[in-house]
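Below are structures written as structure tokens.
In the two complexes below, chain A is the common chain; its partner is chain B in one and chain C in the other.
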Partner chain A sequence: MSLRTSISPPAVAQPPIQDAPSRHHMWQKISPYIYVGPAVIYLIIFMIIPVVQGIQLSFTKTPLVRPDGGTGVGLENYAKLLGSPQFYNSLGATVLYTAATVLFAVVIGTGSALLLNRAFKGRTVMRAIITFPWAVPTVATALIFGWIFNRSDGVLNEVVGVMGIGQQGWLVDPKFGMAAVVLTSVWKVMPLVMLVVLASLQSIPTELYEATRMDGAGALETFRAVTWPHIAPTVRVVTLLMTIWSIRRFEIIYLLTGGGPVDSTNTLVVNVYRQAFSNQELGRAAAIGALGLVLSLLVTVVYFIMERRTAAKEA
Partner chain B sequence: MAKLSLRNISKRFGDTKVIHDFSAEVDNGEFLVLLGASGSGKSTLLRIIAGLTDATAGDVIFDNLRVNRQSPRERDVAFVFQSYALYPHLTVRENIAFPLALDKFKGWHHIPGISTIARRVFGSSKDIAKQVSGVSAMLELDQYADRKPGGLSGGQRQRVALARALIRNPSMFLLDEPLSNLDAKLRAELRGEIVRLHRLTGKTFVYVTHDQVEAMTMATQIVILHNGVVQQHATPQEIYTRPANTYVARFIGSPPMNLMAAAVVDGQPVVGGLTLAAPDGPGVGQPRLGDGGVTVGVRPEHLSVTVDGGRQGLPGTVRRIEDLGADTLIGVQPDPALDLKTWELNRDELIWIRQAGQSRLMAGDACTVVPEPGKASYFDSTTGENLAPAGRNSDAGAVPLGA
Partner chain C sequence: MSTKEAPPVLHAPARRRLKAPGQRNFSKPVRLLLLAALVLFSGFPLYWMLNTALSVDSELYGQAQGWWPHWERLADFGELIGTVPIFKWLTNSVVIAGGTTLLSLVFAVLAGYALSRFKFYGKGAAGFLLFATQMLPEALLVVPIYALFASLGLLNGMGGLILANVAFTMPVSVWIIKGAIDAIPYEIEEAASVDGCPRVTILSLVLTPLILPSVAAAAVINFFDGWNEFLLAKTFIAERDLWPASVGLASFVGQYLTSLNSVMAAALLFTLPALIFFLLVQRRIVSGLTAGSVKG
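After this line comes the complex of A and B, so read on.
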């Protein structure tokens, strides 16, 4: 130590160290707010304010013709809803519709993705054909399926007629209404599931498949050891999205059945529309909407809890 | 235990031929390195041996059985991938046990529910657990057994991949650039590890790499491939001392062999006015020098450099000094008046000299390059073939090894 001190130059009083002025530093501090600003403003104007207003509305009795002139009724709308069998019927229809649509869309979509991930002739054409429904406008989809399901001259009745089954009222018979709506919805949304899962499948390194070949794994073992663990997170996310979108879906259901037959497809969203514009009860409609929001939030919360558990298990 | 024979293997991808009529015999217990630049076909060849890729033509023979039609698993070989190819959602222990657990899996175990129970049972099976812990201990993986591959470093992952290969006790190990994704220190460490495993198992190893250091330090036999064609198949020593052609001469060695155009006058090679002595190295035959020109090759360590203008040698100017600590590399630009034509053969126009210790030379110094007598190689100036007869053990592929 003493040696080092002796050869180091004598200490000179150094000026204190200061930060050099930096525009870059300022910019780094404020730029994040500038980037997220537009999105936040958009969310506030088009999401937060309407939601808050909708919840306010749900505590009033407001006729459609005088949207500004509501009278406060407290929790009356909610009390009426929770006491009415029609609301529970609507809730049940929503759950049934969502569960069926999500199940079929995810299973069929994932299955098609697995098939289309293999190399075969005409694969690109097949992918294009299967993706096509996603590109068709929703209203057009509903109208086309409306014709297909038409009682007197729909294609479906032609086909079942050939098979010896009598004509059915696909959209007017309470036995079939929900099935018809689910079928149409699955046809429309399944391609998205397929595309997303396919993208995830294509990101699996080929070496992993080769490793299972070296280890002598069969198709099912390979699926379980390599494919499924890779695509599972994607399938979970797409299931969440499908669920939220199904809870909110309106056009297909309303245009096909209008909530009928006998309220069998009267999901919460269709119910909101009917309360607001047929019964002209904005307050009641808003209350249904608020409960629907709670349902969507519940699904999301359950999803995030599940994700956290999986992440904890992975670590 | 298997002796590997590759007979007339060819492989095309569409119109691109990546392997041309490759033949080689590898004795049981050899450590064969397939060495080549990227695109040389070495990995394709390894995948053909493994059964991951089918050859367009030719036979893969283990002992006396043609295995062309067998699946990778049936061939009983293990494959180690450059990217490790570990199953990311399984722990280290499960990854290593995977091939063993598969052996016990039957078709009906796939029924949901039963599969979970079956996996539990195999996972906790005593003999599997014993084998896994044995192999983990061998590769010092014990303390990571319950981690997922994502929580391991590159070197640890490659150890897991080696363990997964080892546990099956295969007849042959195939390794596809297993160390390429690791840093230099880990590479050196795992090189030693792999050589140790080779000694321990006594099995045949076929190892693909583009790294000449790996090839020289690990191999018992090296095959050098260039554009799908075998350039030389020999021991590391022979490849270094008697490269079969100018490609091999330039590919092996760092810096590579210096190549210079030479005239032949009265049967003696003459480079830039300097008459070289005939080669006399042990095991190297007399080259057949024709009357035309030849290409002379001299390794950097067989040259010395001096500032003494009176010495017989090639005059030049020092251009580069690279001090490596133990050695110094000196790049000398030969006097342009000599018209040496090194530029046709070497990438830079410099002659490189390796000198032990430090050098007092500086860039710009005039100097003379003096070759060590009898240490030069001679190549046909048109075909690039080495003019000295090959050693007993080597040829471009066809001659059996270890005779």
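After this line comes the complex of A and C, so read on.
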């Protein structure tokens, strides 16, 4: 993966430790495990075992009040899910939410990076303001936007009222619910795209631009020939990350709409939570979670296949 | 297309390369307009949080909210947030975020060192584990971890929450620390080990000070994550007095007993430390995050 290599200096090559004195030979052999062991064991306990248990849970009917007292039901949870329109609605909401959030975040973020990648007065201040949302805690974000979108007293309705449009229930009308959570999410995550792409832009050697200018290339050609090829790998990686994170995103949606209105923002992750803690059906929740995990993995696999194709084309 | 040269910037800091002569695809007014729109988009909600925190009650319900903050309300700020146990919750947040950071860093420094400096059987597998676990959705894990903690009696306590948080924050830290150690010349340790220094001592006394900036970056990212974390805390902690600020503030979503300016004032107190922190270490966070989350 190339994001790291394109934005930070390559690591200095290191000679691994080999010439250990013989009396320390055994010690040399085990010591790496002593260092890496705690982290690995920790992740096995808190990540791997829970995932395995989650998948096991998905084959059971387990009530929330007795998480270890489930009864096996085989594939029933999956069969029910795959036969219910509610699940496909949830899957559709996830895909729509993810696609829209990633698209806007990557396009606006990359655009902002291009705009900020040249000198002008006030650039530092502007960059700081544009980056701020990333540092705002998610819960605070949800509180602010919940108030901005408020039906009777929110400022958005005040503004559209001036434009002659009547009050809209941005968070309670199924027409707008998804748009509202996407807008809030883009506000929050776009700065990260901007910062990462900006870092990549600033690593383009000035000589490249000078050379193309000597050749008499215009702005658009320069962008196509120099800028885009240089930042494209970064944009691709950041798109992958944004996609995985969007599939996983919970707080903003849960706090703004709770999956509503009329389940229009009931993404898989929100759905898992509602099944587990509102409907108290841990088994069904785990089955939805497992299918969500498959979706994330699918995205990653597609990304790697595309990367390989690009690499093959370039070679 | 021949646009004019950008005007020279006076007093530009020398260390930063300000000019990137390639970007000329927009004419100046269009560029300024786009930038203004961006600044408005990003800045307005924050301004609105401040404006709402400093508003008078009558503005919030019924009457239209004014465009400018009532600065005189700053004097009542204590009273405003007095209706919300925000300091209690912020203290809990500090404990949770601090504990998460410390524990996560201990694991990360040890594991990052091993992954950077040793060749050993299973290294690839350990690296894969650290990368792959970043893909797991919290919502899938929250149920089994809840079940595990219920059986261990770890629910409803900050200790259990810290343990769970670390599982999510530690992998990124390991990559950041590993990347930092990769960049330190090996000769420095070699010199120390010739002097008969045990390896743990080298790691803690020689190497760690050298990678301190990266350790700090990892610490900030971990602290952020702990400060922000909501899902696990909401699920595991039922007792109001033990809530972190994220869960406490979220409990005001959609309820109208506490007036909104108090809630926003509390939210502002929750946001400001994160913003200030972020401004101080912005550059490091970005390089750390991108290095950490991508390297496989």
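The rule is simple: the second predicted complex is superposed on the first by the 275 of 315 C-alpha atoms of A that agree within 3 Å, B and C clash if a C-alpha of one lies under 4 Å from a C-alpha of the other, contacts with A are read in each partner's own complex, and residues count from 1 in each chain.
Following the convention adopted for this analysis, a residue touches a chain if its C-beta (ideal position, glycine included) is under 8 Å from a C-beta of that chain, and two chains touch if they have at least 3 such contacts.
These numbers were taken from a predicted model, which means no experiment stands behind them.
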- prompt: Is this a clash or a fit when chain B and chain C both end up on chain A?
  reply: fit
Task: Would you check which partner chain A:235 touches, where first means chain B only, second means chain C only, and both and neither mean what they say?
output: neither
Message: Between chain B and chain C, whom does A:142 touch in the aligned arrangement: first, second, both, or neither?
response: second
Touched partner set for A:205, first chain B, second chain C, both or neither: first
- request: Check whether A:197 is in contact with chain B, with chain C, with both or with neither, and answer first, second, both or neither.
  value: neither
Message: Touch test for A:247: chain B only (first), chain C only (second), both, or neither?
response: second
Query: Hey, is it chain B or chain C that touches more of chain A?
result: C
Message: On the A-aligned overlay, A:227 touches which partner chain: chain B = first, chain C = second, or both, or neither?
response: second
- request: Based on the superposed arrangement, let me know which partner A:214 touches: chain B (first), chain C (second), both, or neither?
  value: first
Statement: Once both structures are superposed, the least CA distance from chain B to chain C in Å comes to 8
Task: Residue by residue on chain A, keep only those touching chain B in one complex and chain C in the other, then list them.
output: 208, 210, 213, 220, 226
Task: Report the residues of chain A in contact with chain C in the complex, numbered from low to high.
output: 1, 3-4, 7-9, 11-12, 14-18, 29, 31-33, 35-36, 38-40, 42-44, 46-51, 53-54, 57, 67-68, 108, 111-112, 114-121, 123, 126, 128-148, 153, 155, 158, 187, 190-192, 195-196, 199, 201-202, 204, 206, 208-210, 212-213, 218-220, 222-223, 226-227, 237, 241, 244, 247-248, 250-251, 255, 268-270, 272-273, 276-277, 282, 285-286, 289-290, 292-293, 296-297, 300
- prompt: Inside the complex, what are the residues of chain B that reach chain A?
  reply: 50-52, 71-73, 77-79, 81, 83, 85-90, 98-99, 102-103, 105, 110, 115, 148, 150, 164, 168
- line: Touching chain A in the complex, chain C uses residues 1, 3, 6, 9, 12, 17-26, 31, 34-35, 38-39, 41-43, 45-46, 48-49, 52, 60-62, 64-65, 106-108, 110-111, 113-120, 122-123, 126, 129-130, 133, 135-148, 150-151, 163-164, 166-167, 170-171, 174, 179, 182-186, 199, 224, 227-228, 230-231, 235, 245-247, 249-250, 252-254, 260, 263-264, 267-268, 270-271, 274-275, 277-279, 282, 286-287, 289-291, 293-296
Contact footprint of chain B on chain A as seen in their complex: 205, 207-208, 210-211, 213-217, 220-221, 224-226, 229-230, 314
